[in-house]
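Note that the chains take the letters A, B, C, D, E and F in the order they are written out, and that residue 1 is the start of every chain.
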Amino acid sequence: MGGTPTDLKLIDERGLRIDGRRPDEMRPLRIEAGVLKRADGSAYVEWGQNKVMAAVYGPRECHPRHLQNPERALVQCNYNMASFSVEDRKRPGPDRRSHEISKIISEALTHVVFTEYFPRTSIDVYIEVLQANAGTRCAGLTAASVALADAGVPMKDLVAACAAGKVADTVVLDLGKEEDNSGQADIPLGYVPRTGEIVLLQMDGDLSPEEFDKGVRMAIDACRKVSEIQRDALKRRYSASSADVDAAQAVPEMPKEGP
Amino acid sequence: MGKDVVADLKRDYISKLLAKGARADGRRFDEMRPLKIETGFVRSAEGSARVELGNTQVVVGVKLVTGEPFPDTPNSGVLTTNAELIPMASDSFEGGPPDQESIEVARVIDRGIREGHAVDMSKLVIEPGKEVWIMFVDVHVLDYDGNLFDAANIGANAALKTCIVPAKRAGKGEDYQLPVQHQPISITAVKIDDKILIDPTHDEERVAEARLTVATLETGNLCAMQKGLNGAFKLDEVFKVVELSRKIGSEVRSRF
Amino acid sequence: MGKDVVADLKRDYISKLLAKGARADGRRFDEMRPLKIETGFVRSAEGSARVELGNTQVVVGVKLVTGEPFPDTPNSGVLTTNAELIPMASDSFEGGPPDQESIEVARVIDRGIREGHAVDMSKLVIEPGKEVWIMFVDVHVLDYDGNLFDAANIGANAALKTCIVPAKRAGKGEDYQLPVQHQPISITAVKIDDKILIDPTHDEERVAEARLTVATLETGNLCAMQKGLNGAFKLDEVFKVVELSRKIGSEVRSRF
Amino acid sequence: MGGTPTDLKLIDERGLRIDGRRPDEMRPLRIEAGVLKRADGSAYVEWGQNKVMAAVYGPRECHPRHLQNPERALVQCNYNMASFSVEDRKRPGPDRRSHEISKIISEALTHVVFTEYFPRTSIDVYIEVLQANAGTRCAGLTAASVALADAGVPMKDLVAACAAGKVADTVVLDLGKEEDNSGQADIPLGYVPRTGEIVLLQMDGDLSPEEFDKGVRMAIDACRKVSEIQRDALKRRYSASSADVDAAQAVPEMPKEGP
Amino acid sequence: MGGTPTDLKLIDERGLRIDGRRPDEMRPLRIEAGVLKRADGSAYVEWGQNKVMAAVYGPRECHPRHLQNPERALVQCNYNMASFSVEDRKRPGPDRRSHEISKIISEALTHVVFTEYFPRTSIDVYIEVLQANAGTRCAGLTAASVALADAGVPMKDLVAACAAGKVADTVVLDLGKEEDNSGQADIPLGYVPRTGEIVLLQMDGDLSPEEFDKGVRMAIDACRKVSEIQRDALKRRYSASSADVDAAQAVPEMPKEGP
Amino acid sequence: MGKDVVADLKRDYISKLLAKGARADGRRFDEMRPLKIETGFVRSAEGSARVELGNTQVVVGVKLVTGEPFPDTPNSGVLTTNAELIPMASDSFEGGPPDQESIEVARVIDRGIREGHAVDMSKLVIEPGKEVWIMFVDVHVLDYDGNLFDAANIGANAALKTCIVPAKRAGKGEDYQLPVQHQPISITAVKIDDKILIDPTHDEERVAEARLTVATLETGNLCAMQKGLNGAFKLDEVFKVVELSRKIGSEVRSRF
């Protein structure tokens, strides 16, 4: 956690947070599936002030060859932040943080994909953060799951993700940027609703076991809601596709910025 | 090898259509694809635009940070243009450091903005010779269906037009509008079977013999040009592309 | 392919043992391997420790140099953690720039130290906003038999505890002990066949489904956590690992 | 264009340029073919104050293999500036400018080489700028064509190159360094005299359509002259070779600096 | 040589050196073989204030393949200094100095290994300098030879290494850090005692032919002593192994720091 | 594999000649190839030389820029030597960042200049501890037929000798001649079939067992040395190379 001292009152006298949310309230989440033409599958996520695009290519031939697994597909995620996605311009190209996030998202997705159906192939997942405002790894994992489904990759279930955390000694859901900068703990979590499995889990800050217990359960509840929104996006995608004669024209457009 | 067969088939298909004066998507030879421009798409950028040119989609973000001027231009801000042809956008793009293709795109976009004096760089000086605004124009390609040059050029122009200099954040007085003075609009043509086509799709680019990008100004003057691909142009073909670029560039400019 | 056969055989062997409640080296599921800590091993470092955790061996060196603070933390020293998974340590490590695996190790070690506030970073300020101590924690893996996370975390804690700030050499007054205030000890568990094993060997890691590292403090509170590998944990398994980490972490901390 | 404001009078009252040239006058150009022993073909060009060496290896096996074209040879040019070739020392290694120039020169040369005669191979062209004074891409392309011919690579024709530009509101040929720094436009052009084809074309600055028309025609005329000088160099190379019994000793020496 | 001017009296009135050694006296040298479990062979060397670890993997498959020699094994050494091994932290990763040392140590070891027994393979030697105090290339080469023997790689002989040099106009053996910083010459030398061959030789500074003659002979005499210590280490390693029923538990421990 | 056959044939040919006391190009064992030195070849450099040693051709350029001294040598300019073994010069050179071979060449050239005190570095100080001249010696190999070490060393000596410190351009007073005080000339020998050959060609280098480069000064003293290749020298062979290097180095030095 940034842990930067701050004058911000992160929880007000009514128990509301700096952006008016209740402790267990998620930021608004919108998902659109199938927004790109070139990729085999894609999804666009707006989650609070985060804007994240995910695309999937594959299963396809795995390069370099020595990475091929003769028994399974390799799920390779590449998480990248656009240089203009943050206030202080980020140097283009991967840094250590993005390497770590790519790794844990790859692992989380691998768990749900039926990789044994596609030996020797690679399923490549690209996550591009266009605008960042805390919580991009959860937004990215959430978008990537939908993009995989949009690409027709068979999965046990969609992975849904959401973070819980602690601000002003209160366990809260889905930290925003100010809360992330000045908060006390963050717990990003990826979840498989159908099986109740946790496939991504990190934590940093300072939490008692009780607070951790509360936060994890709060994040899991949120993941169930995220999962609903994921399913809605896919339903809209498929109904749009089947409603049109020419499916190619039926791809939903990327939602426009609100006023 | 499979790819090559497909390429050959596409080539034949495109050639046959062209012989009849038609393109695969029904456009005239001198017609651009539908163009959508959405500015202010990225709030973390000082200026931004999302552009769809047919199925090609790019996001351009402009960031401004303070820094030192180049020693030989103490009274001028600094422009840096970068293009990320990320593998999300096409299976023909690879990850890793910029390759020749993305470098060429970035340099041609940069040349248009710079040589067309899109921004009054003298108004980006904080203290002459000491501190100026460094303007980063970053092109992020999300979906690639040909003609990055024009999609990115239009995105850069749109992003600059809406860009705010974040002086307050840097403790340099009040924010102000980036001093944009010109719209150098580039239009790209390719040559296939001795025919000149404007705004090529990815399929058209793959079978094209030669490519020519021409950036023009409000005055009708030329400010940047780049020929590409392994083929050649005759002189009259060059002049034809120049004229088309002036005409269509002027139509695009009217959108700003 | 030969390797895979070996892996399959090892997997079977480990599974059969686990079904009987046993591990290949005779340990209980919740038992760490023998731990040796030797501090002051490297005289050229300001603080150092050599740690053997079973057959895993790491050397951690801490260097302190003066430099600028980050703009957003003018009253804080800077921590930089690096892990070198050099090919000396295992034929599974390759040379060259850090790969995802070594980056993950470095970042998890860093998270423990940073979030556990192991060092009072406010005491590493020379002039606020201008000059602070940059603390480099470098983990050098010499021999790899699994569970780098904990070996390196313990090594980092030990190296910091014995670290001297070389103020005199830098002309910044008298040397002083690095202000260490906490020992955030991480404990790592893996899941194999629905069983939770503490401090996995390399063989156990290779057949493990999922990994969870939990760093705890003297207070019993948690300060960092990282789940790894392609498998998953149920919620009760997570809580079980958290409890084990608190208990065993407290035992390890008593060694300091 | 540099466009740096300057006190220099780029065109004087007699209509002459800063180095005394007429608007349509090229700087002195000297070409020697076959100046290197190890390369399959080579050429050295002194063009005004530019000194450029080109060498050709191939057709030879193409590495890396995935770049091989089963139907054609790949012409791969590498343009490089020596660190000491410019007043402000250049960091060794390729920069973005040299990547772009390598690409457009490769494309220009590919057009004239009978690449279909050598499937799966690579024809590697190396251009080293030893001393730079504006116009090195044209000098490099000109040298590379001669080096290809010296290597016996079959071509439709030699590519010749020359730039036109604008200084002090006048369209001029072959800009020198001061003109490049303070001028108004530059048009580097590569030309195939036999077919009248333009294989390299760039432009930057500000030109009316009429000025562009004039400049391009001026550059094309100059390319015809460059082509003559290229042919002379090759003739001297071959006559020198055949005049001597031991051809290996007959390679012309690199010309010495004038006083 | 550093050649930094200094107030240090490098040779005192009794003819002794700054650390009390006689001119022809080596710093204390301790070698332990077989100190790592994962590597095929290993050795740890403490030589004065130097601490160096060497490990050997192979003969094993050679990557990348195009480096394979169909007639011989490739001996590839990688010399690396830990970032904390010197007073001023070293940036991690190879620099030009370490590339050069890796090359000359690879060449020195190649001479003694029967590379023809293992065509197409690679024998990889890793040298890690944990604490540096002048003389690490000799310490590294000495350690690497023992690690090769520990790995069972057949060799004509062990390579032993030691440097001579000149300080305060006196030819001395095995320069320490202050002597290296302020001395007049350094001659690192690698030697094969059985054949009297010199396989590594460098020199820098200023030496008359007579001083060079004296220095080289002094270094060769020292190499013979180093060779004895290498053999002792291997003997201890093997006797330890055979004394125990379970050889795997018999690997000598890394020696502890003295008080 | 074709290459190896050629190499074997060349080896046999060279060996047979050597047995008769002869070399392929008719030279004596202790004879250098014809040496041509042309200084002032590159006007953009402060000092430059083009050197032909037989068919080996290098260009050396020296650039001087102002910068900070190293903290431990505040009263000394800085020397940086770089060698570019560009693929133009030989099909055995690859592009990309410097490999071990070019690094070795650069470091051996650097060692000769530095340890031989070719330049009085104390005269390259502008303000002690603050600003000094950084001297870049860049070796560009154009044509490679063996013995880069000596061709580049001779080129560096020649380029330095004619080098002008561009003080005026940097606003540091009047230009002056680089204070060159010594010519540390290196001579390289190889060993083939127990014979010592001076100034090897590329073919000789390919079959050589061992290589020894020795740089000497006007005094006859040695200032730098480097043994290379997988073979070995006996002590008397080393002494023989040292003597040859002193003698031939003195002849080369007379050319300056």
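The working rule: contacts are C-beta pairs under 8 Å (C-beta built on N, C-alpha and C of every residue); 3 or more make two chains touch, one makes a residue touch a chain.
Note that this is a predicted model, so its numbers are computed, not measured.
Traced through touching neighbours, the fewest hops from chain B to chain C number 2. Over half of the residue-numbered contact pairs at B-D are shared with one candidate from C-E, A-C or D-F, namely A-C. The chain with its Cα centre farthest from the Cα centre of chain C is D.
One copy, chain A, sits rotated relative to the other, chain E; on C-alpha atoms the angle is 120 degrees to the nearest 5. Centroid analysis (C-alpha atoms only) places F farthest from chain A. With centres taken as mean Cα positions, chain F sits 58 Å from chain A. Separating the centre of chain D from that of chain E, both taken as means of CA atoms, is a distance of 52 Å. Our note on geometry: chain A versus chain B, Cα centroid distance of 31 Å, whole angstroms.
Multi-chain contact residues of chain A (touching two or more other chains) are absent.
Not a single residue position of chain B touches two or more of the other chains. If you sketch which chains touch which, the chains form one closed loop in which each chain touches exactly two neighbours.
Ring order of the chains (start at chain A, first neighbour chain C): A, C, E, F, D, B.
On the side of chain D, the complex with chain B involves touching residues 1, 4, 70, 96-97, 99-100, 102-104, 107, 110-111, 187, 192, 195-209, 212-213, 216-217, 220. Looking at the complex, you find that chain B touches chain D at residues 1, 4, 72-73, 98, 100-101, 103-104, 106-107, 111, 114-115, 212, 217, 219-235, 238-239, 242-243, 246. Of all residues in chain F, those touching chain D in their complex are 38, 40-45, 48, 50, 55, 57, 59, 61-63, 65, 82, 84, 86-91, 95, 97, 136, 138, 140, 142-145, 169.
Within the complex formed with chain C, the residues of chain E that make contact are 36-39, 49, 51, 53, 55, 57, 60, 78, 80, 82-89, 92-93, 124, 126, 128, 130-133, 254, 256-257.
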